[in-house]
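What follows is a set of structures for review.
What follows is a pair of complexes built around chain A, which joins chain B in one and chain C in the other.
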Partner chain A sequence: MTRLPGTAKTPGGLYAAPSLVWLSVFFLAPLAIIVAYSFLTPGALGGVEWSPTLDAYRAIANPTFGKVTVNTIIVAMGATAITMLIAIPCGYYMARSEHQNILLMLVMIPFWTNFLIRIYAWIAILGNEGFLNDLLLSLGLVDQSVRFLYNRGAVMLVLVYTYLPYAILPLYSTIDKFDFSLLEAARDLGASKMSAINRVLLPNIRGGVLTAFLFTFIPIFGAYAVPLLVGGTESYMLGNLIADELTKSRDWPLASAISMVITLVTTLGVLLLLRANGTSVLGGDDHEAAEPAGEADALGAAR
Partner chain B sequence: MEARKLIDISMNLPHCALRIEDGSDSVAGPVSATGNGLPRGRALQGGIMECGGAKKKTVKGSDVVIEHVRKSFGEFKALDDVSIDIRKGEFFSLLGPSGCGKTTLLRIIAGFEAPEGGSVLLDGQSVLPLPPDARRVNTVFQNYALFPHLSVFENVAFSLRLKRAPEAIVKARVSDYLALVELQAHASKKPSQLSGGQKQRVAIARALINEPSVLLLDEPLSALDAKLRQHMLIELDSIHDKIGITFIYVTHDQQEALSVSDRIAVMNSGAVLQIGTPQEIYEAPATDFVARFIGETNLYEADVTAVSGERVDLLTAEFGAIVVTATNPPPAGSRISWTIRPEKIRIGHTEPRAARDGINVVSGVVAEPIYSGFQSKFYVDTASGAQLKVIKQHADWSDEGPELAWKDDVWLSFSAEDAYIVEVRR
Partner chain C sequence: MKRRPSFSRAVFATTIVFLSMPLLVLVLYSFNESKSGSWTGFSLRWYAQLFLDSPRLWRAFGNSAIVALSSALVATVIGTLGAIAVNWYRFPLRKYLRTITFLPMILPEIIIGVSLLIFFSGIGLRLSLFTVFVAHVSFNLPFVFLLVLARLEEFDASIIEAARDLGASEAQTLVRVIIPVSMPGIVSGFLTAVTLSLEDFVITFFVTGPGATTLPLYVYSAIRFGVSPVINALSVVMIVGTIILTWSSRNVLKYIAAK
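This part shows the complex of A and B:
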């Protein structure tokens, strides 16, 4: 097990014990169960039979799984990208605003309402007889109800809405610590507004951008409720596939195997991202101290 | 040291103002080019060259004309009708206490603030419509504002990278400017690995590599310790001599401003109180505020009793009748403020023998001697109850008698030529 060196002897190990126990019981144990189930034979009415097989992983080769995976990646990438594009300016504005506390409050308020209820609220707004259609009809802008729901667009919209605060908060806290005189320095040195942001702001808030990306992408990649409630067949995602295998097909090993794939893909992705970030933060020193230059420029002449 | 002294003397002369005719980039005249690294060889109008052995000085950059600039933040008037003419190639300081508007003025020149009225002209062209990146000025920021994610090399190369300069040119130019600030060995370090003085030099190189026509320096030395500050000040001065562009230097430290500036504008509460050479500012302060702010001073009020030519007789509550000089004497009967600098007062145990007309003599008791290494300051109480500050260098071989001590009876004397009328009250 993950017994760190010297855990038993040092007080530090003792202090860490509660969280170690917590993690072992509630994180590692379920994970171990899923790993184990993915290698077992499905029981007739759900559950598993204890005879090891690789059938579940063979079943993944099925084209349905591939299609759902591609759709999941498209939705997750798209929704994350849109979330980030909204969250960065929001975080920037909040960090520079005089009313930081009010704005922070506004970002937090949605958390006071249950997640599912907020999804139903979107259904009430976007439904065929929802507020938006009522408004459009009464204004005469459309002749009949527009079908806003049950497609990929609706899934992305509600996902962006749901995870926006998770992206805004880490971005806000990083940008808040950013020294804005650096942007003035960049402008002073000839950078336009956009290139000051690209060359100075973004590299320096990279940690926050990464956190916001992970906080958004990972839960969206595993989304279940949103595509279930506002999505259609085309926006079926891996989360729904797992749920269906578990509850409808009753193929627990297959559900476990799909979970394993998601876990492995996201873990690998996160590790690669962290590494890329780490190396490029430390790297970029490929310029040696340059050799003494000739008298080519005005400075040489002035000397 | 010798060179500095000569310069100081030259600055008292009215004809010494550095004036460059249109279109000329360097000053014509018999200039020697020994290049011995002495600061500030000053070429003068009419081909006069002072400072024996000083090097050739190239004058580049732009003149900056600030006209009736106004700026307020809410109720607070940061700048109230400020007008300053800064000459091409000048080392010009904006000096004043914090909140006097000097940094706001610098930020207006740089383009980070827009004034509510007035104009800022660079070589006769208004820069106000231009964004900061389109102005031929660069700034050295107070907190350096180095890009923490970039190496020293890339920090300096920043503006060249923006212009997509070829790699070979970037390398050559960056190493030139790193050489100028003696940081070649640190090119690959990150700003966080540098000392304060090194960061400062990166900031200077980064601002200069763009070859601006005006360099703005916003309290660039305030974050450094006293010794380093002195050193950097000399470096700044020599960089100014090498580059030859206009420097506008914002500081609240009168010592800094006095030692490097060609001219100084003293500011307070959003207004310019006086513009002049360090000598003019120090020797002939225009207002009480300037007199108090620049160096230490003794400032008193008095009534003018008689005027003859430049000689003015005063009746003071503190010292009785004294005599001072004034180039523009106010009429008899005026109420004025006058000043005498502490180091211009002679202090001794014996009454000055050679006292002649025009030497004011006062007696008193040492109330507080303050020893500070290279000199001592004495607070001397006079019979009338006034207190005078006197600064004295320590005795050398030519001095007689014991050092001055607490409660000693002393004689103070100062020349009418060193005492000035500052403000005329009525």
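This part shows the complex of A and C:
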């Protein structure tokens, strides 16, 4: 790809200005504000007072918040691991199938369905007056409704359900591009099936595996709606804590500090994985452009 | 040699059952006569209630439609121009633009919601449908930008040079050459933006104000405390609606790409 050389007449800056202004004002400035707020003292009725302190960050380390942080890490790691273990064979099967379009439709229909409706479907199944309890009661297997919802297990189940397609689709598209004759070649040269998969297939689909991991881990780590709707008090996650500090306790610095933790974990994760993947999104080189564009496609479909 | 991937087939089949079973339960129960629990017989009463007797729900849908169309339109215009600039022109802050279009896509939604809420209250802007619109443009813009950019990368600068050599002005080049070749990217960016906007719950939840309930917010308040039969019916309508919309938008895209 070649680019027109910059001259005084080219309107590149003019075309770029609206995006630059909009995202600087309505994305970057708000982020900068929460960075600043996280180092300030909470005001009496929400808001902040301009005296710098590290109290908000100290508060994150105290046992109550520590418990929520640990719970968030356990849920995020667990749900992501389960999702990946299911998604890799699914992506593999879809890529190898002769009916890819039909299989893709089967994955996409639940995926296109509204996010809240997908959560609600599980409330309708597992709720106290839900489908499963109704079934168990009418079969006489239980005397009264079983409480399936409002615990960590329910949160993980619904998170896996919600984000599974986010993992399957990038894996499918990467494995689909893999040249399977390479595997046959490895086998012909004497590799066992396992070692052919480990040393030929996996290194070649690493990009897809990393993308799938990020698409699942990041939203789960910052989850808000799922623990709110199907979790209990002991399965609270950092996202719920932010909302509570913001709207109930009105401690804005603390809400900002927790947001900073999530932002840092997310950004570091992305940077490390991109480096491992050998792409530099934040650089300005021409060749890097295709990768995030492909991700945008999948993300766009995902959200 | 044809190998049968039996393990992956079993996992895939189970996954499809897992993914579709909850939605099938919703479909089934939307036709149930009784309010909750056991199946008492086929009935369309929840659909009747949804279409004839749910004014708040339809007002919320109206708000969603207004925000989705307006924010998608603004994001598409701004994002398309940004993508054209990044793909074909050199200008100061080019790397910075690439970075700030990438970041909103990787950050969890709650961070964007919370930071915008604090920002709006900091500058003294009252929360309303307008703040929801601003938030939606912000998270839609990067997607439009990257989808248009992906399309533009299929072309090189020679088409612009050719237009210039043939005497086209800058404005003519934009309207007669650049925008027509980017059309499939622009349309898919716009459709993606509409979808993301209709779908969004978390960001909207933080930046909405009194009277600015969108459809996902309405659904949230209805399902907060358990099963709601009208929401069963709404779910089915939305699932069918999404399938039809997606199917037809694919055909529109194919048609545009073929032109």
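What we mean here is this: the second predicted complex is superposed on the first by the 233 of 303 C-alpha atoms of A that agree within 3 Å, B and C clash if a C-alpha of one lies under 4 Å from a C-alpha of the other, contacts with A are read in each partner's own complex, and residues count from 1 in each chain.
Rule of thumb we're sticking to: contacts are C-beta pairs under 8 Å (C-beta built on N, C-alpha and C of every residue); 3 or more make two chains touch, one makes a residue touch a chain.
Bear in mind the structure is a predicted one, so any value in this text is a computation, not a measurement.
In the superposition on chain A, contact is made by A:Asp134 with chain C only, not with chain B.
In the superposition on chain A, contact of A:Pro42 is made with neither chain B nor chain C.
In the superposition on chain A, the chain among chain B and chain C reaching more residues of chain A is C. In the overlay built on the shared chain, the residue A:Ser192 is in contact with chain B alone; chain C does not reach it. In the superposition on chain A, A:Phe27 makes contact with chain C only, not with chain B. Of the two partner chains placed by the overlay, only chain C lies in contact with A:Ser256; chain B stays clear of it.
In the superposition on chain A, A:Leu182 contacts chain B only, with no contact to chain C.
Counting contacts by the rule stated earlier, residues 281, 284, 289-290, 292-294, 296-297, 299-300, 303 of chain A appear in both its interface with chain B and its interface with chain C.
Residue ranges of chain A in contact with chain C, taken from their complex: 1-6, 9-16, 18-20, 22-24, 26-31, 33-34, 37, 46-47, 86, 89-90, 92-94, 96, 103, 106-125, 127-131, 133-134, 137-138, 161, 164-165, 168, 214, 218-219, 221-225, 229, 239, 242-243, 246, 252, 255-256, 259, 262-263, 266-267, 270, 281-284, 289-290, 292-297, 299-301, 303. Residues 58, 110-112, 131-133, 137-139, 141, 143, 145-151, 153-154, 157-159, 162-163, 171-180, 184-188, 206-207, 210-211, 242-244 of chain B are the ones that touch chain A when the two sit in their complex. The part of chain C that touches chain A in the complex is made up of residues 5, 7-9, 11-12, 15-16, 18-20, 22-23, 25-26, 29, 36-39, 77-79, 81-82, 84-112, 114-119, 121-122, 134-135, 137-138, 141-143, 145-147, 149-150, 153, 156-158, 160-161, 170, 192, 195-196, 198-202, 205-206, 216, 219-220, 223-224, 226-227, 231-232, 234-235, 238-239, 242-243, 246.
Residues 179, 181-182, 184-192, 195, 199-200, 203-204, 206, 281, 284-285, 287-294, 296-300, 302-303 of chain A are the ones that touch chain B when the two sit in their complex.
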